[in-house]
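Look for subunit A in each of the two complexes below; its partner is subunit B in the first and subunit C in the second.
This part shows the complex of A and B:
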């Protein structure tokens, strides 16, 4: 395999990995603060992508044609709307169930995900059909032998990286992040130290959901297509990535996301069976890793029960 | 969608009431239409639904008709499991006499047993997998459109004739995609072409970069795609992202306006093949197009609308002749020979398969599927990818 081709595979895998990582970070944040698994996360991503798409259509109607302005507006509206949705879900579905068995929350959010997904399908105009997401980023490409690098892909990747770095800095360097980490470590003690528990939880859910919205818009800009079922699969993969990396650890989520993308790429490229089986391969390896490291590749420092 | 269905229902009801008022004596007979009304290929399903509805409307407006017809519309979503559910729903309703069914091959092949078990005579209006008719001896199953065998014969001959010698094949792993792979491979070998890579993909896959990157390194003259519109759009668009310059050749599965709308200018120069002549060149094409426009459906009839119309019309003709009885309709459909229709004379062979000889070659030009011979590509004004 020559270098150009290899570079292309790596670039493809990195792009996929970034999207998975953004979803996985959400799962890991929610689990970190509340020890809950929120299965509607993937569908929040879908709603985010459709919100972004609607924003674009609205801007077009208003006559705002500058693509940079459109991208910015799409991202801001999608992320803030999903942050709000995430906080609402936390406030009215997850927190009331906080002392119930974890399985209840898992099921309740799984059902909420179905409600969100089917609502997009049924109530969004012509929502059952895939929508063509516009190309808003410049499409200039550099070709180096077999390696074709497109500017829009690079920008999307850098955007995703910026979001992850920002979340990392927020959680590890800011006062709010300190509060999040305190709540994650010990709710009772954090409360007695004067941390507003509810606010911290709501903020964390808003943050994770905004990251999902970003991933949704990124997905739309990258594939130029969105559909009502897109979040389901991304949710499952993002969840697996978070588990493999170590639920509750941001580095683990990122590692898990890129690992899953790498497995899919290897499954499609290097193995002697049809590429349709790449997901079978990737999930099989995930199962093997979970058997080997039940707490994930990078476990939480204060190892809790899962 | 809901609104549209409601409007259609209302108009059908109004029509029914009007007809009922005028000739209260007419008995109501139910027939069924099944196709993908939601999901990625819904444009084709809705076009087919409108066309079949048109056949029913025209019949109900005809004072000579013996019965008043009511068309039940069911959505198979292009998913085999949903298809079997709705097929069972239709077939187990004794008031439904016959049906025009299915655009998606994977669905149609999954439902044939159901129709046979319940004895519901159906005419397939869009699915092209040969086994739907040839894989069984069921008397209930018929098909007005052709199969993918001839389509791939013409495709392979034409493509190799255009100078494409090496092909990479991407196909979905349903029966539909695998069928295309099988027949295309056979014929391409016959005409001296060579398949240098085969990639099976799932029917709802999003990312094709890994497959396409491999194809790029194989550097084929053309990429043959055996699958339906939604992933066809994704593959073509991701080909562009990777800078793949090979010619994109599709099957009847991408001959739809949705393919061109999904891609915009990127669709330009895509080749595809479909059995039967285009609507305006059909024997009854003018009649069909005029009546369709008159009925004022908001969506076009799409590539297989004329077949759906012909299938439903043949069902209504048969019921008129032998009466609303499933067994009699099945028996009568066995002997369909040279029956005039808007898609040309229909003859069913002993498997219920209509013999459609003509395959039409299409090329996407300026946002439309243009018949190859009429295109600027054939006249040499534009060039296909090399």
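This part shows the complex of A and C:
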């Protein structure tokens, strides 16, 4: 294999890894504050991508043709709408079920994911078919031998990196982040210290959902296609990535995301059978990793109280 | 002895008769307005019965006179089938409901009793379907054996998941099965040997020289060929029901309940957690696979689109809507969930959305389901105070 092709695969893997990491960070944040898994996370991503697409169509209708303005508007609208949706889900579905058996929360969020997914399929105009997401970023390419490094990929990667760094700084350096970490560590003590528990939880869900919306738009811009089922896949893989890294640990989520993308890319390249099986391989890897390390590479720091 | 008078049987019989009459009326309804009318009448009837306290005696009859009521329910189903003996569509519906019911009994054992989550029920159903299709096309194995083989193959495929499912809990185990469900569907779509997206065709089922795909007549009455399959599916469902009930009532059922409620405590009492989880998981998958094999023979054609993640969620919804752990609830919910979209074509397209919404509402407002699982009765005649 020549170096150009290899570089292409590496670039591809990095983009995938960034998307997985963005989704995984959301899972990890939610698990941190409420000890629940929100399975509708992937479908929030889908809705985010479709919101971004609608924003683009709306802007085109209004005659705003500047691509930079379009990208900014798409991102802002998609992220803020999904932040709101995430907070609403937390307030009206997850928090009322907080003391219910874990299975009920799992089912409720799974079903909510189905509701979102089906709503996009049924109620978005022609939602059952894939949509062509526009290329809004400059596609100038730098040719390095056989390898074409496209500017939009670089920009997307840097954007994703900026979001992850921002979340990291927010959680670890700001006062709000301190509150999030306090709630994650011990809800009751945090309440006694005067932290507004509900507000912190809602903010965390908003933050994670906005990150998912960013990943959704990023996915659309990179592959130039969005469909109603994309969130389910990204959600399952993102969750597995969060687990591989260890739930409740942001570094773990990032590590897991990239590790997973690396495995998938290597699998697609190195395995003898046709690339049609690459998704089968990805899910087989999920199952295998869960069997091997059920609580992740960086193990969850909890002990069960009886 | 027998100081307390036995619970009267007639409220249960009356309830079964009413449900049968309703089901017949529902099937007879030709257009959508009639269907909606019948549904509204049923809803009003249930509400009135609940208000006036007529439901309680029927429920008690089902609870305390179980063997007799099982026979009554079976008789009611046979009456329904007899009414529609010559029509293909209602019989196909009954067969489908029975197949779904069998799968949901498996799910009931898995997460109603043992607490092992399984979001890949459609994949195990599909495993049974595809193994039956392949074996029916390429071998001379008797078709009755295909059903058992379908179950065995599903149990075998499920055993791949045993290790990850045992080592993980709750959410983690859910992801393992979700990943398997997605993997299964993708695999079917890209695998050309198994027909790819086009699926596979099956020959007619044959048993003791009878060809199941021919109409037949007994004493001058013409029967639809689906009658064969309905009776076969009924036999399978009755068998699965008996196994589920026996299992629940036995000490194995007690162990499974204990494991679901508190793993640590049950381990302290010497219950072998891994063993019983494996038993429950494998038995549930076997039921799904066996039902799948029969389903494939009944439909005569299978394709990957019938085994999506959405279908797995529908099966989970059935168990949850009916009331987790109550086989009667699963039967009722299976009938509603399978037949409603077929009769009410308007909602066919929206059914996943509808069921998902229904499950969310049930979880928020009535987590125990339509027919809640009654308390376990250790002594005959004992009633919770």
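Criterion: the second predicted complex is superposed on the first by the 282 of 306 C-alpha atoms of A that agree within 3 Å, B and C clash if a C-alpha of one lies under 4 Å from a C-alpha of the other, contacts with A are read in each partner's own complex, and residues count from 1 in each chain.
The rule is short, and it goes like this: a residue touches a chain if its C-beta (ideal position, glycine included) is under 8 Å from a C-beta of that chain, and two chains touch if they have at least 3 such contacts.
Quantities reported herein were computed from a predicted structural model and do not represent experimental measurements.
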item	value
First (subunit B), second (subunit C), both or neither touched by A:62	neither
Touching partner for A:233 - first (subunit B), second (subunit C), both, neither	both
Touching partner for A:243 - first (subunit B), second (subunit C), both, neither	second
Touched partner set for A:148, first subunit B, second subunit C, both or neither	first
Partner chain in contact with A:9 - subunit B first, subunit C second, else both or neither	first
Footprint overlap on subunit A, where subunit B in one structure and subunit C in the other make contact	122, 233, 274, 276, 279
Subunit B to subunit A touching residues, read off their complex	1-2, 38-40, 42-43, 173, 198-202, 204-207, 209-211, 213-214, 216-217, 230, 233-234, 237-238, 241-243, 258, 261-262, 264
Residues of subunit A touching subunit C in the complex	37, 39, 93, 96-97, 100, 102-104, 106-108, 110-112, 114-115, 118-119, 122, 232-233, 236, 239-240, 243, 274, 276-277, 279-280, 283-284, 286-288, 290-291, 294-295, 304, 306
Subunit B contact footprint on subunit A (complex, rising order)	1-2, 5, 8-9, 12, 15-16, 121-122, 126, 128-130, 132, 141, 143, 146, 148, 150, 153, 223-225, 227, 229-230, 233, 264-265, 268-269, 274-276, 278-279
Subunit A-facing residues of subunit C, complex	111, 115, 117, 119, 160-161, 163-164, 167-168, 170-172, 174-176, 178-180, 182-183, 186-187, 190, 264-265, 309-310, 313, 316-317, 320, 349-350, 352-353, 355-357, 359-360, 363-364, 367
